[in-house]
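In the two assemblies presented below, chain A is common to both, partnered first by chain B and then by chain C.
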Partner chain A sequence: MNIGSAIELKGLLWDIGVIIFKIAIVLAAVMGHVAYATYFERKVIARMQMRLGPMIVGPYGILQPIADGIKSFFKEDIIPANADKPIFFMAPVFGLMAALTTLAVIPFYDGFIISNINIGLLFIFAMSSLGVYGIILAGWASNSKYSFLGSLRCSAQVISYEVSLGLSLVGVMLMAGSLNLTDIVHAQQRYPGGLYIIPQFIGFFTFVVSAIAETNRTPFDLPEAETELVAGFFTEYSGMRFALFFMAEYTGMIVMSSVAVLCYLGGWTLPPFILKLLPFLAAVPGIVWFVLKLYACIFFYYWIRATLPRYRYDQLMSIGWKVLIPLSLVNVVITALMKLWFTNSHV
Partner chain B sequence: MDATEEIIVSNDTGVKVVSRKEIGFFASLLRRVFFLEILQGMKLTLTTAFKKPVTQQYPKEKRQAKQGFRGLHALVRDPATGKAKCVGCGLCAAICPSRCINIFTSEGDNHEKVVDRYEIELLRCLYCSFCVEACPFGAVVLTEHYEYSDYSREAFFMTKDTLLDNWDKYMEGPKGRYYLEHFWRPKLEDFCTPHEQAIFKPKAAITSEPLSPVPITATGTAGEVSNE
Partner chain C sequence: MIQQGFFIYFASMCVIASALIVTRKNVMHAVLLMLLLFFHVAGLYLFLNAEFLAAIQIIIYAGAIMVLFLFVVMLLNLREGPNKRVYIRDWPMGLIVAAGIMLVFVVSTFYLRLGEGGAWSIDKIKTMTHTSAIGYVLFTQYMLPFEIASVILLVAIIGAIVLARKKLKD
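Our next item is the complex of A and B:
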């Protein structure tokens, strides 16, 4: 072994250490956010219904997520007698894995990203589609009609909305000229408005609606419609396996909100006109802006949930196919034409 | 989405004329495009979020019962004698729809009626307050106390002593007097019966009136008024 390869090995180990450290930080932060997302969801919705929400565990119920976690960890794990056991065990892990893997390509601020790959957005789409497998397998393996109906609804819904979700982001890709999320944020900084939400408002709208449907949140929570299907695809799950589905849903929410922040709201940057107006804001670290924008997006999820009832299944399908997909297609065509026009006039 | 608008016209006769006016194509299009109804709903939820919640955290903060609340039963203790006002007439047991009041009486030394046992099965009671209304002397009442859950059925079987205790605990003093004045006012105080009609009256009233009690035969020494 010569000195050069030893140095190489040392560098490799250092890189691996750094990556593991980053993964640990991101996982801890996201899991903490998932736990407290449930708490704030309960609080926000309670206040919107003139209730108080959790108040018993700790001051203002602040320890409620921890109590819930401990409870679900020690709960009896009930498995239906006729369930397909290996798949039944695997499904929640599959769902959570798909949701957590997506976090690898999300830049939380400039340079802090676990894996800076060029097809970041595509990877997110792929993984969020893969997350549906967890739901479908859970519904199939439970051997229960409610679970099965929920998972069938979910597969149809996610396939329909995957299309408009992808198409809505094509406008952003065209404007930024990249699929890398860091590059998209940098391109927004160079853009005079500073935010892609201004030229891409149609795309933003279709993205928000499809993201709500993609994460199975109200008003598109048909896969787990508790008034119709008991709990939908996780009817037969209990204890920690149920909690895994819950974590997957909230992680998906955080991921979709992060994508909205990165692609439309400028990520960790502020638009230039605000910085010109209030120059001292530039001293605030970028992660603060990212997190604030993320919280605003997550609050929007809660707000929608507190306001809207569930759509009927045919309404869901007609919104997806008749409104969102044509709208996002129009957006793609307009963005492409504008880009062509502007770049030609510049050259 | 309904693209109509209600116009309410009130004329001099005070009659409201309600008509519907179709709104124009562009207005309805704008409503659809900007999700006006959803936005109105979201505005409502957001403004509600800043209102004061209506929740009362029960074990910590307790709501004061409204006046006239029908809670746990009690037998009124007569402040003059220190005993129950009840004379054992049995009207409460007779009117009770769920038949949960049992009264056992016997004849005392001076040929008066003595209430031996007065029992209420709380688990059968439906808190209609008929017994309170029926009582000519305001002797049985429903207090404001409502927190008396327990683990055994026996705890819900009220005897004369426990009912008198309830009075001492929850209604003794000016509160009870106020209630007797306003909510449980005995009929005796407001309505008179003709003199020739036999009525139940407390001991004090009997001594003041020259009405000789009918002598009871030896066979009826232990009269029993019960619903069972």
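Our next item is the complex of A and C:
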């Protein structure tokens, strides 16, 4: 081995080390957020319903997520008779894997991204469409009617809402001219308004509704409708495997909120008119703004959950196909025409 | 060297997964192996700098078409699979045809010659990004075929609706 290839190898190992370090940081941060998102959710909903929420474990119940984690870790792992064991074991892991892989393309602030690829948004769609496998396989492999019905509902729901989710972001892609999430944020910075939520309000509305449906949250949590299906697709799961589904759901929420922040709310930047008004805000690091916007989006999820009742299944389908998809198509056409008229840009 | 290693991994996994798909008795496992195959095909697209195709491969095939496959398998309730040893009676015939096609492919690789480079070199696609390159070509050079394909798809969609409605009236 000559010196050149030795240096090359050293550089390669250094790159791999940096990537692994970044992955460890992102995973630790997101898992911590997932744990405390459950606490946050219980507290917020409790306050909205005039209750106190968890108060026993630690001051104000602050150690509740840790107690929950320990409990689910030591619980007995029950496998139903006649379950398809390999698929039963694989399903929750697959669901969580699809949710966590998405984190690789999310820029948390300028330059901090595990993998800066050109097709960032498409990658997120691809992984969120794979998340449905965890649910379908769980429902099928547990050999139970409730699980099976839940998973059938879920697959139909996710396939339908994926279409409007993708179409609603086409407006953002057209305005930014890129699928790279970092480029989208930079394009928003250059844009006079600073935020794409202003020109893309139709797109933002359809995105929010489809994102709630895509992550199976209330009012679209038909796959796990407790009153009809016990717990839906994870009825037969217990202990740590159940916790994996939970983590996948909350990671999905964090990912969808991050996409909303990056594509519509300006990511880690502030709109120029606010910076002109209050120039000292520019000194605050970008990650703070990103995290604050992310928390606001997650709070919105909980707010909706505490406010709205669950939809009926046929209502869910007609909202998806008859309202959201036409609306997002209209948004695409309007955005394309506006871009053509105002910029006259050619490739 | 690393690229070659990855290529060998993706290519051999494609072959192994396809061989496993056609030999599984459990239909569900076959469908899941097909999912694995689609992932590795997407990996092969990445080697060709076709990142858009790789993403579309996963979104359309793994995310939509395989879910429909799963639906069909679930609704037919094929949990154990038919109790037959072989699905198809004339499998030797199929094997001969497949082997013949494989022979044609292998022989033709020996006569492979690189054609003249077109307007779209790898560097040009890399600077323009693959997604916008595909969009540009589709909406300028291949506008007519693209529109014809979309009209055919529209006809198929309307046809499916018409067929489903007739069934409802009976």
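Everything below uses one rule, namely that the second predicted complex is superposed on the first by the 344 of 347 C-alpha atoms of A that agree within 3 Å, B and C clash if a C-alpha of one lies under 4 Å from a C-alpha of the other, contacts with A are read in each partner's own complex, and residues count from 1 in each chain.
By our rule, a contact is a pair of C-beta atoms (placed from the backbone, for glycine too) under 8 Å apart; a residue touches a chain by one contact, two chains touch by 3 or more.
Remember, predicted model here, so these are calculated numbers, not experimental data.
Superimposing the complexes on chain A yields a three-chain arrangement in which chain B and chain C fit side by side.
Once chain A of one complex is fitted onto chain A of the other, the partner contacts of A:118 are limited to chain C, with no touch recorded for chain B.
Of the two partner chains placed around the shared chain by superposition, neither chain B nor chain C is touched by A:170. Which of chain B and chain C touches more residues of chain A: that partner is C. Of the two partner chains, chain C is the only one that A:129 touches; chain B does not reach it.
Looking at the shared chain after the overlay, A:148 reaches chain C, while chain B stays out of its contact range.
When the two structures are aligned on the shared chain, A:140 is found in touch with chain C, with no touch to chain B. Rounded in steps of 10, the angle chain B-chain A-chain C defined by Cα centres in the superposition reads 130°. Within the superposed three-chain model, A:84 lies in touch with chain C and out of touch with chain B [touch as defined at top].
Nearest C-alpha atoms belonging to chain B and chain C sit 30 Å apart in the superposition, given in whole angstrom. Comparing which residues of chain A touch chain B with which touch chain C, the overlap is empty. The residues of chain C lying in touch with chain A in their complex are 2, 28-29, 32, 35, 51-52, 54-56, 58-59, 62-64, 67, 70-71, 74, 79, 129-132, 136. Across the complex, chain B is touched by residues 44, 46-52, 55, 303-304, 306-308 of chain A.
Listing the residues of chain A that touch chain C in their complex gives 12, 84, 86-87, 117-119, 122-123, 125-126, 129-130, 132-133, 136-137, 140, 148, 152, 155, 159, 162, 177-179, 347. The touching residues of chain B, counted against chain A in their complex, run 38, 41-42, 44-46, 48-55, 57.
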